[in-house]
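In the two complexes below, subunit A is the common chain; its partner is subunit B in one and subunit C in the other.
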Partner chain A sequence: MKILLIVPIIFLLHGVCSASYAQKVDARSTTSASSTATLQLNTFAEFTVTPVNASAFAFNSTTSYESGINRSSFSSFVVKSNMNWLLTIRASGAFFAASGGGLSNTLPAGVISFKTNSESTYRTLTTTAQTLRSGAAGGSSQPGNTFSIDLRVAPGYLYNGGLYTLDLVYTLTTQ
Partner chain B sequence: MKLLVTTLLVSFLLISLEAHAQPKVVQIATETIRLQLNPIVSSTLETSSDTWNTFVFEAQDAYQRGIEKVNASAISIKSNLNWVVTVRAEEGYFRETNKGGEIPVSILSVRANDGEYVRLGPDPIIISQSSDLSVEDRIKKIALSYKAHPDKLVHTGSYSVNLIFTVTSK
Partner chain C sequence: MSTIKKCHLKGVCLLKLSFILLVYPLTGPLKAQPTSNFFINITSQPVSLSYTSAADYENPKLVDKAFQFNLAAKNSLYDIYVRMERFGGAGPSQLPLNLFYVQFDSSSPAKNVPLTPFYLTSIDQLLYSDSLRGNQTDTYRFDFGHLALEYAYLPGQYILLVTFTLTTP
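Now for the complex of A and B:
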């Protein structure tokens, strides 16, 4: 890539030197010179995820076990990109990690459902990446580039009591 | 000069190819979700009818054979812990309403599902329990049947006693 950048520079310098030389040879003639300013705008895209309401989901009652716990605005996202973008979500593994002995190792990622705050239907979390949101080039003020996600967790009674953890993996790609 | 032009053309082609590259991952982030599943043992008593707990002795046959009410009530359990169900009478006797008569509570027996009938008393008796907290045990419905067999010489009247079912983790 360095070679590619150096070559145009040499070319431009060569043009400028040629113009100067022409002026000295014939001072009476009108001369003009031009140069090209080159901007190399590389792809830029980044996002930030900020926990908003991300404390542990605590299940204490039959209602919470059976109906699940809904958590609005679990995390907020801001995407900045000079290209159209796509943000996906997936579980890092098929099962939660259990803290402590005697706990279930079979608590599946699928007890989690998610949606963006503008959606009405929850989708089940899997280890396969699912589109969380796509958007157009722009900063945080670009419509759609700032949003949050809602989570629902409904484990039921099939898993022993204890603390379980699972990583959510967000991946930003440019389109 | 030709070399420069050729190089420039090649560089433009490369830039063009780069501009039409496939979607590429530019950032990955992870966030941990934590679930605190607290121990829970929940139970509810369900009844089959309004008279599930009323035994009416009128005929001699009823006194001789007793009265059985199969699946008259049930206990629904929801739990993520192993559990045990016990039953006991609040006191050792049926008490006659507004009078002083009494009948030993042992004339009443109860059984869980297809188990054996056990005579009731003031002390807790285990009638059912989970094993290894299987999937079936985590959401369990236990049918309760009752059999009352009083002595026919008991004084006529209305008698009652409270039964206490307890579901505890073990």
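Now for the complex of A and C:
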């Protein structure tokens, strides 16, 4: 009687062991492990200005004084940004700095006007930042991120002859 | 007669108990043994990359020995697969997975592994097949790289999950 009772128990347990092993054989067919790669993309915006046709404006004729001098592609710009961007222009001061004795410091920044090469109308330069151009995220190949500006200088006859200089200030911001 | 029967039943109960206690420890190793001989275990640190300059954005990047793992597949042929997914905390725009690749590091292992890049997708792709004898383990090292990201992706943190899968035929 004892033997009869024990035998089924052995079979029962054997079944448990077999099932357990079989389950593991299935489970060992595939296993995975993972790792992460974290990329921190920081805000980036950069532009370069390259003088193209930026030699001094020489006023030495009636025509140049009366009509002013237009300089196409004065400088070229390349903007690279991973956000939409806005580039502004302003004069560093209200008046040109005059070099040499006896020259007046009254030549205003407003004798300069500017436009991008895709615009048709010049705008007068001031000490307040004005939008030069805005654009979409992208590099130099992004349409609109590479462009030139045209400059026009028309001082008229009101100012003494001499060498006048003025800085143009460009500012790039992300939007 | 009834007394004898009671005693007999008690005896059976004791026997059952002793068998269960005896066999239970046996089932433990049976479960654990295949597992210990079949595993893939990442031993490298997570990869962390930061992008701040034009050079970072305009050039490809390659992280040498970015991923390392050990594997065991006792007395068996095995295949290694890889896939990549975007993971929680993804940035505001989606990085295309196919910019990224893994390639066997040239130093590992001393096998005839292909050294060409495997561009990643969200679907497992076979990296390599081999076999192991006994309790040996193999160690693999992979470089992780990507093509230039350029400026099309918004600033933020992008987390990618690279999963290596070990299978036996």
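Criterion: the second predicted complex is superposed on the first by the 139 of 175 C-alpha atoms of A that agree within 3 Å, B and C clash if a C-alpha of one lies under 4 Å from a C-alpha of the other, contacts with A are read in each partner's own complex, and residues count from 1 in each chain.
Keep this in mind: a contact is a pair of C-beta atoms (placed from the backbone, for glycine too) under 8 Å apart; a residue touches a chain by one contact, two chains touch by 3 or more.
Being a predicted model, the structure only gives us computed values, none of them experimental.
Chemist: Quick one: classify A:Glu46 as touching subunit B (first), subunit C (second), both or neither.
Modeler: both
Chemist: So in the superposed three-chain picture, is A:Ser34 touching just subunit B, just subunit C, both, or none of them (first/second/both/neither)?
Modeler: A:Ser34: touches subunit C, not subunit B.
Chemist: Touch check for A:Phe147: first (subunit B), second (subunit C), both, or neither?
Modeler: Touch partners of A:Phe147: none, neither subunit B nor subunit C.
Chemist: So in the superposed three-chain picture, is A:Pro155 touching just subunit B, just subunit C, both, or none of them (first/second/both/neither)?
Modeler: first
Chemist: When the two structures are overlaid on chain A, which partner does A:Leu166 contact: first (subunit B), second (subunit C), both, or neither?
Modeler: A:Leu166 contacts subunit B only, not subunit C.
Chemist: Comparing subunit C with subunit B, which touches more residues belonging to subunit A?
Modeler: Touched residues of subunit A are more numerous for B.
Chemist: Just which bits of subunit A does subunit B share with subunit C as contact spots?
Modeler: 10, 43, 46
Chemist: Would you mind writing out the residues of subunit B in touch with subunit A in their complex?
Modeler: Within the complex, subunit B contacts subunit A at residues 4, 7-8, 11, 14-15, 23-40, 42, 78-81, 133, 135, 138-139.
Chemist: With touch defined as at the start, can you tell me which subunit A residues reach subunit C in the complex?
Modeler: The touching residues are 1-2, 5-6, 9-10, 13, 16-17, 20-21, 24-25, 27-44, 46, 80-83, 137-139, 142.
Chemist: Enumerate the contact residues on subunit C facing subunit A in the complex.
Modeler: 8, 11-12, 15-16, 19-20, 23, 26-27, 30-31, 33-35, 37-42, 44, 46-54, 57-58, 66-67, 69, 87, 91, 95, 100, 144, 149-168
Chemist: Flag every residue of subunit A that touches subunit B in the complex, lowest number first.
Modeler: 4, 7-8, 10-11, 14, 43, 45-47, 49, 51, 54-62, 65-66, 74-75, 86, 92, 96, 107, 111-112, 151, 153, 155, 157-175
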